[in-house]
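Okay, so chain A shows up in both of these, paired with chain B first and chain C after.
After this line comes the complex of A and B, so read on.
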């Protein structure tokens, strides 16, 4: 906006074009959010108000009056807070290590840290149990039975899942810090700890707060971890499952689903409030920061990061290993027999899943980029409510979203019915399920974009489109790439929403894994999951290589 | 966005092509086990070559959620082999249309809906999954009954599904209540409660946890137990002496079906001699009189006369009491 005030008459046409473009940038993604998130949630909200003879608050009074609900709420909030603190702390260590420290082997950490995102939930669950369970490797090695079922097991599982997302968002804040500020600090004799406190931390604050918001939200909505490793530690998501799947009581489940939105909305509001005091962006163009080796800091950061990564590799690796074991943990002879999968459609669903995931990742990355781009040029008041809407989807458990999609799109009342039962709808649900993370990562990146850069482009008469393509997109590219990969990986393996949208002709890999496990063939499910992870890795490497080639051709130097 | 709409058009086109490709098409929702579905559908498809049978398999609970969510515009033509206690939910019955499949009259009245909306020629049983390796390691006696599970030595060694989340959980709770009577039944469940390590949300999980040695006893399903034993886990399948709970797998015709002839033909097939022959290969519990399941049962190490281990279950009462029992359970034992 700031460039607008000084506009002169010859630039009038340019201004109108910019306005139109802003409208399109915000309008299209907003239309998507309204149709594919807000509208289904309104349908859920109406269900939560539905009672025998019309509408009313009876369901709410019933839920609020039950002791189970309050216990679950308490558990959820406590678990959310604990996971947030742990994930953001560890996530900051890793992001700081990756972007602000100098040590070899970063590619390894960067590769390992995303593994929990591309591991189907079954893998994480099995991995933790095989490793830390009462009959797990560590229990047997130590000769004592560790009981992880409950708070601690759930905390570990949730942190594993939240950590990569925290790294992604905090990383978006740290990767773009300007080297010259640090050089200046150096010259003025600021100690490294002073630089960290006065330069790095304030700059990362937006990222840290966004990461905390995401970690908290995805933790309180997660059902999978709670079901396999939470033991009797009941949380709100298990309450929803029990109401909807156990008792076929949709309206009550809808109530809990709506209640889950509250802590998220509140924490987002708090976060916004905290952000108000933060200065916006940086003043000038940038020189990429090249960390130099610091004798104490870097070995410590490196070993901490490696330790965390070792934990991740152990959890996932043990499942990959177990998929080659004849009968875990009783017959450890190696065998390929679990890879001979014939039931549940065999390997056929893999390819469709790749297509769906590419659709979700491409469309999704483009949508959040346009949205963030447009939001920068909207008046603050209008931008804020859209931001809120864009940040909320993570607060909806996958199961609620999936069922909401059935309720909404399996109705011939609107032309959207045409989407029902199609791969496109699965891609769409995957994108909106993870909208928050994508949106906040790109937002965090935009936060670091120097206003001066855009203003300079504007005053030179570059239209918004040109600025977006030539100035902003290259600057934001690292975040766009990580959002693209994030959406791709999650779409490949997510189950909770998708399970309700598959049809006899259209299934995805995560559903095959669930069906194999349902059939008692857990080792085959692990084998299929291993193949899926391998396919995702190959796809990621392929895309990464393509990007590097393209980057080399374009000669865009980025500090990644 | 553009890519999506393009793809939507493409997939719509593909769907359109599929519907015109074969004369008849039906969509069947089922919670039967993968292996048997494959065998039955292959045979049924051969018996009715002009109809394409599309099957969607989901677990009992998820299938219920899906059916209810789709209630405004149901996608299925047939519900096939789904827990009868779920089927008797009024919200589900409302979606069904009475149909007397050919041959259904041989079934005793208890295995058919009074209103003709469902029939159940087959069923499945609950079971205790006991990990023999862990049992030995812990020096525990082999449990033979619910009563045996009261033994304080089993503290923290037993898993059971939560009846509020899992149909299998309700199957067991209902069996205890119906065989022992309300008062003694609740007392029994409360007596075992201190030994219960967790109440799980999935019905098969207790058995899967027991088979990998996380816990000693998983109160779960006979199917999972048999399948685990076949895979080689050190597992024993135990039917409690008081009588084990079981569930009927019911089928019915969706009132909304726009291809009722084919749907009916499929339901007829599920009662055909050919189908019943197949049940003998896969099912331990067959309700068709005079058809003995010894082949499948023996293979799985079940008693030849299965009725000796089954609890005496009244499914109508079980369905009627469901909400109250679950609420009481939550109050008394919920964690």
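After this line comes the complex of A and C, so read on.
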């Protein structure tokens, strides 16, 4: 019996070593959540109640009594609703085309549809200005004056930004519907339009609902587009910014932040419920649906999808193109002169953003892995409450989280002040901003891990740490890779959470683009945005390559 | 006794999965835990493995309590229904994993892996990944992985259930051969009575979290203690005392003293003699041809019965036949499932 110890006291101690490891795995990420999420949220809430002589509702009455606030709220809700309707409608067309219609060139649509995710949201706005602004290509070609700043410009920019999410969520719902269901309907004599009405639409119902809430949340919390193309059309996100940065009125900013938090929390709660309902129908051993060509439907769907994609390419492509134009719109000769950034700091913020993003991705992936690992060994009740906490950050708008951070870390009251103005703090805010998505992805990976695999390792004598390294990590490696790149790419382009945390010495790429645009250096903003998109594209390709490589290794291992 | 479980009780919430269960396994013995799903057999195996904890009771290995010892310190081998090979490791790495953890030198591990691959008759797959093997091959590797560390007890959790019929029979022979040649005390969980009959030295039949009967396969088949066991171990005709006394009075002699209506007669279908006779005491209702045997449902004076005959048989449906039941073919069993109609269970 080599290596088997006698059944005396060491056993007890070993058991405790595993317990200790579980506590560390759960404890460290939990401490992070408390320090860098819960605590700042409490601070921002308290600040919203802080008045000259203690606590009170004076800030709220002031904000609720101002016409500016109500105008911004009305704009935010209207903009959110309009964007939601438009992006869900267009998203359904593309998702239906991709998963329920037969036409060539789907890879192109798949590739184009993710483009808006690879750039800061304000790039859509920049692109629209180059297309439809006073000096825009289209305006000049048509010889008309279009007022793109305001509602319509913001609506288009937000729709483009929300569209990828809508397509992905609705597409995922459609994929769940098994081919055999369609075959059964076919045999029973249901016409294609009946099948669409009775099978496809009901299946997509929760997907559509889910997509609607996600799009709504993205829109009302987005800052970049509103800042660049919103013009006089003030929304809640820009209202917070002007309160905090313009008027240095932190308490009022906190109030507006709390007010912005309300609709997003409600929306997120409903979205989570919709998601749960959708997953009930899932079965294993699915037969994927393979659409066959339909003479009228498919050419129409293909042209619509391509048209929408052309819009995306035009908006993003024009930014890249404009960055090379010598003097827009008077001298259209190409040159590299805008790539010589004249704003103080030049490209340093781009390098700094890469460093920050790597920090957020590495630390974040490790943290969610440890958390999931520990949660698996915790009693169900404890695990569930921690899981709920881990899923909350997605409900908090980036602007509010960023404001909470500056209120918490720019105060000398606690030693946490030491973090203020460091790259680490920006990496941390990025990680907690996107904590939920990373956590849920890794959690899904853990759910797919058969319990028996761990038990087999356990009875062969492997301890928890050993099992984690030898068995679990290789098993969920694809999920970890996805989370790593997701955190990296989001950290590269996010603006809302970090806009309050940059200092004259420490800036990030998205903020630099905004500052360049503010300074009237629009072409340089385009150049900087192009460089940023290039970095993110490389990361995306890196992720695809890594996952393909892993998939190939896995295919050798598990032929289907 | 080598391994003893004493008065084990395990509850999940308000559900009592095991209720005061005691079992024993001897050195070199092959014991099968047999029962329908939900009877507690897998729960018991997992308790022995250390994968879950007892509410009360003891598990003793050579007289020493195992309760505080985590699974990885018990030195047991386990094989799951789902193979559960590590997908990221080759076959050789899978088999050698337990030895690697124990710090065995690499050369020794390689030697042992080769030896075990020979033993499970898959000498050429060392470098392959589990996904490249068939289900039967994967389960052989899982067996090799479990025995690589010279386990003190081998635990098999429905190891054959996921395989198709032919592979199952083949691997059944393999498991028996390996267990006999290495003499590892083995506990296997199964719901397949045929598997238990073929493999076990001792069968422990469970239902609703308690042990109903333990004994040799012959005991359980020919001398079931209760209606449940008789029913679970193959097909049996269960007839209450009254019609037996009327139609086959000589079978009453087998009935133990002092038993009453709570006992029913158990008669195995292959032990009933059947001869065509115009004035016979029964009528053939239906016949199913099963290859090596025929199964007939007949209507008799003691109710419907199932009869099995080997070889050629000229009976037709609707024909009159004469049934004969030798006294030794009848066992009187406790009726532990009285809620069901006390006639024939087929």
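The rule is short, and it goes like this: the second predicted complex is superposed on the first by the 327 of 560 C-alpha atoms of A that agree within 3 Å, B and C clash if a C-alpha of one lies under 4 Å from a C-alpha of the other, contacts with A are read in each partner's own complex, and residues count from 1 in each chain.
Here is the rule we use: a contact is a pair of C-beta atoms (placed from the backbone, for glycine too) under 8 Å apart; a residue touches a chain by one contact, two chains touch by 3 or more.
Being a predicted model, the structure only gives us computed values, none of them experimental.
Looking at the superposition, the partner that touches the larger set of chain A residues, chain B or chain C, turns out to be B. Legend: residue contacts after superposition of the two complexes on their common chain; A:294 is shown touching neither chain B nor chain C. Using the contact criterion defined above for the overlaid structures, shared-chain residue A:352 touches neither chain B nor chain C, since it reaches no partner. Once the two complexes are laid over each other on the shared chain, residue contacts for A:82 go to neither chain B nor chain C. In the superposed pair of complexes, A:412 makes contact with chain B only, with no contact to chain C.
In the superposed model, A:471 makes contact with chain C only, not with chain B.
Within the superposed three-chain model, A:458 lies in touch with chain C and out of touch with chain B [touch as defined at top].
Legend: residue contacts after superposition of the two complexes on their common chain; A:519 is shown touching chain B, with no touch to chain C. Shared contact residues on chain A (touching chain B in one structure, chain C in the other): none found.
Of all the residues in chain A, the ones that touch chain B in their complex are 28, 32, 68, 129-130, 133-135, 147, 149, 227-228, 231-232, 234, 238, 241-242, 244-248, 250, 326-331, 343-344, 359, 362-363, 366-367, 399, 403, 406-407, 410-412, 417-419, 421-424, 427-428, 499-500, 502-505, 515-516, 518-523.
The part of chain A that touches chain C in the complex is made up of residues 1-5, 7, 11-12, 14-15, 18, 450, 452-453, 455-463, 466, 470-471, 474-475, 554, 556-559. Within the complex, the chain C residues that touch chain A are 49-51, 61, 64-66, 68-78, 80, 82, 84-89, 97-99, 101-104, 129-132, 142, 145, 149-150, 152, 155. Remark: chain B residues 1, 3-5, 7-8, 11-12, 15, 18, 27, 33-35, 38, 54-59, 61-62, 64-66, 68-70, 72-73, 75, 86, 89, 91-92, 133-134, 156, 162-167, 197-202, 204-205, 207-209, 212-215, 223-224, 227-228, 231-234, 323, 326, 330, 334-335 touch chain A in the complex.
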